[in-house]
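You will see subunit A twice below: alongside subunit B first, and alongside subunit C after that.
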Partner chain A sequence: MNKLALVTTLGLTLVFAAGCANKSVVRYGDATAVETTDINFGSTDLQKVAAQMTDSLLLSPVVGTLTQNTRPVMFVERLKNKTSEHIDTESITDSISTKLLRSGKFRFVDMGRVEAAREQLKFQHDGGMVDPNKATQFGRQIGAQYMLYGNLSSIVKSNQDKSDVYYKFTLRLMDLESGLVEWADETEIRKTKAKESVGW
Partner chain B sequence: MFKYLPKRILVTAIISVLSGCATFQLTDLFQGYNSQMKPVKAAQRQGDFLKAQNLLGEREQSNNTYVLSLLERGRLQFLAANWPASQKTFAQAYVQVENQRNKAKIQISKGFENLGAVVSNDNATSYEVPYYEQGMLHSYQALNYLFQHDLSGALVEIRRANLVQENALKAYKDELYKAQNELHNSGMSTDSLQGGYPSMVSAIGKVKNGFQNAFTFYLSGILYEASGELNDAYIDYKRAIEIYPENNYLQQDVLRLATKLAMQDDLASFQQRFGKYQARDSKGQGQVVVLVERDIINSKQDVGLNLPVGRSNYGLKFFSFSLPVYEGALTQHSKISFKSTEQSYQSNEIVRIQSLAAKDLKDQLPSLLTRQVVRVVAKEQVRQKLSREAGDVGNILASIYNIASEKADTRSWSTLPDQVDIVRMDLPAGKQVLQVQVNGQQKHIEVDVQPNRITLINYSAIGSYTSYQVINL
Partner chain C sequence: MLTSKNTLCTRQKITGSLAVILVSAIVIAGCANKKPPVTAGTGTSAMTQGDDFSKHLEVHNTDLAKRLFISDVKSRKSNDLLEINLTLTSRYEKSQKLQYHFNWFDEAGFVIEAGKTPWVPLELHGKQSTTLRGLAPNINVSTFSVYVREIPEKAYKY
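Presenting the complex of A and B:
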């Protein structure tokens, strides 16, 4: 009897000791694998949203006619984050614009880099290092014809047993000249998390 | 000798597990949190926030008061105008709060903690951040984002603060009922406290619950208004005015937005309550909103009581208890006046954090008492056993331990302001100087008012120390 207790106690102590101090391991994983570490906005949500939106945009008949003979110039306005999480919305728009560029149907101007471009042109013209004849000219840039913009909103509910989060991502394409919204679509994501009943 | 070996190993194993995964400092058991915080608060009162941070000391992540130490540190960093550091600290605290919220329904580690608490006191349990403190955490975090010019980050924090208040409202009634039921089963009621325990009625004042914070709603309203979402702003102003109907700035805000959004029914009823409203011409004018933080919240105090505990197998017996309490009445703060070249404005109360804290403590009393009953009975059993086995020496030692370890849990976020006031004024655009009359001293604030925009000023008045931060939204 005593021996049994001794063995059990030693075993338990070992388990606890191992639990408190286990070695960390580094591994490579699949970047597109489904990630469910917690309920917050994660890489799977980002990939899903970006993929669905670009597919929908590229397959829509309106965009088909727009891009028949030309490659329209677009710019991405920022996404409005209306959720209760700090989400890097630039990362979502980056994914979307990269996918659209890769399709070869659109061209983009990058508003985030205007200052850097201006600096470079200034250097070419005033720096005294660049041959004036070969310097890139001011005022030759092409203006965007379309604007891509959107919202990301969420509804979060939770009680003692589970939490539920619902994301809605809306994306719209506006013709800057006419002001018409030429295309719009939305994606929804719902995630629920049941609380474990017993844990450490 | 050998017979006891497994038992001893078991005890050692439990102790090592306890200390390995969830630790508490021994000082916490015998020296209350309120007295540990005294020097920190003294430094804070002098405006020496760096010294206050140093006095705070570091706590390990495994320490059961870790999250509270993060809250105190974040608040002191906020006061020291170190927004990035404060933001980081509060973010860590939020992670802790979230972890706590997402924990399993039955926690094994909690069982160990409670075991520790039964033989010592409530300071051995992990600190659970009450709803009003969570609300303030997000409010300060929102201001941290704002002062770093990130309005959308600030709005995320505001939404989190609103979620906290919603969850609190949902959980409130259930928790109160459950706690009272448990207390009843343990053979006591809160009525038996009467006499020995201060009622805290004057500290609670007129707040109805310990989590609805009009300051958070108001901040939320301002930020929504600044981002052009007037409808959201209107809803938050309306929530705030339900709590503080007599605040004249709130009244004007509600009337102004109801007019702007053409909420005819609301406007009619608000005009009936607060008087006629005439929209003013705001051309070339900007709005200046001042959030005035007054003084520091009181710490909980330890109060000792002798109470009868009735249990079937013991009969009625008197035990000495230790309970936390907010003592004394509320401090009456004189209004602070802000004078522009044309007009003088008086600050008006938007939240009394002291009252929220007192109300929260009062709601917790039933569950505090239940734990206390279990504890005193367990300690009494230990004393009886020791006195039987080790005679008078054991009896005396056990009694000394019981008295020394009988400390109330006085942990609470102690660097928060006692009260927050607001002032809202329309000023002509351009550089303005405001004369501030605070605690008999004359100070001034320089603001650059932008036309048709909101300029937010966070003004701290702690003791004789004052400072302010200005941001154009």
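Presenting the complex of A and C:
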């Protein structure tokens, strides 16, 4: 009887052990949900920074005046990453400029694609394949009136039980003609990681 | 002879109990977190500017509703865009890790920027009341809804 109990228990152990073993499972997740995998700069931070900065810019009274009857032309200068991590700051500026563009309040010129545009125009004029009357003209582009630029900095502190990271993101809008900073805002993120005594 | 049989019996009993404990431990440790977390929360149905928010409140998680309630939803037009102020109040004495998100619809009720509005993390301290801001992504938005839920973290037990 005891043997039977032992065999059954061992069998069950094996079944459960197999069932609970570390299996890698692939799932699709919600790309916009809050992600807390680790303390480094993550998708939630990127989305939060982009959303807050766009909202703040679109709500500011100065921008209300600037965009009253016109859609000002902007260009994004790169964001300076002053944190201790590698962060793709172009991804943050991409999100911000996409949101601003989609709001219908601003227009953008893309400085990252100037060479590609020049190549295309050269081909149209010098390639001998495009009808000269239908080629896009040189020297007709519209210059940016405003420049968007910013900084991303961090303060990291940790002891043996706890890590704390603080990000500060500053964004400014400069009038290129007058050199005046028309708008500025900053947003902060604090993330902490602490050891929990409860395992599950 | 009888004594040794008894000893054997006791040993088997001990082994049996140990095996049972082992199985229980494995089941508890390994399989306990297989259940998906509760992600239902509380929010509003689609409402327009000037609507009475109390008529649009929707509570999908009664446990969360005991700790948290939406005390006010205000909206206005700023720079042609719909701006929302949502006041969340905690009924609980400890901090809560939450996330909130807005949905935007045009006049015909069609969703705008579907799946692009991020869930924003929020730490609500004990008995705190906080105001969250949402801004419509473009000028076509006339209706909105908001949803608040917990951040599913295994370590958080209430």
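Following the convention adopted for this analysis, the second predicted complex is superposed on the first by the 173 of 200 C-alpha atoms of A that agree within 3 Å, B and C clash if a C-alpha of one lies under 4 Å from a C-alpha of the other, contacts with A are read in each partner's own complex, and residues count from 1 in each chain.
What we mean here is this: a contact is a pair of C-beta atoms (placed from the backbone, for glycine too) under 8 Å apart; a residue touches a chain by one contact, two chains touch by 3 or more.
Quick caveat: nothing in here was measured; it's all calculated off a predicted structure.
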| item | value |
| --- | --- |
| Subunit B versus subunit C as contact partner of A:160, first or second or both or neither | first |
| First, second, both or neither for A:63, with subunit B first and subunit C second | second |
| First, second, both or neither for A:151, with subunit B first and subunit C second | neither |
| Partner chain in contact with A:102 - subunit B first, subunit C second, else both or neither | second |
| Touching partner for A:196 - first (subunit B), second (subunit C), both, neither | both |
| Contacts of A:81 with subunit B and subunit C, given as first, second, both or neither | first |
| First (subunit B), second (subunit C), both or neither touched by A:124 | neither |
| Subunit B/subunit C common contact set on subunit A | 2, 5-6, 9-10, 12-13, 16-17, 19-20, 196, 198-200 |
| Residue numbers on subunit B that touch subunit A, as the complex places them | 3, 5-6, 9-10, 13, 16-17, 20-21, 101-109, 152-153, 155-156, 159-160, 163, 167, 170 |
| List of subunit A residues in touch with subunit B within their complex | 2, 5-6, 9-10, 12-13, 16-17, 19-20, 38, 80-86, 156, 158-161, 163, 193, 195-200 |
| Contacting residues of subunit C [partner subunit A, same complex] | 9, 12-13, 15-16, 19-20, 22-23, 26-27, 29-33, 78-79, 81, 83, 99, 101, 113, 115-121, 133-135, 137-139, 151, 153-155, 157 |
| Complex interface listing, subunit A residues touching subunit C | 2-3, 5-6, 9-10, 12-13, 16-17, 19-21, 30-34, 36, 44, 47-48, 51, 54-55, 58-59, 63-64, 67, 99, 102-105, 196, 198-200 |
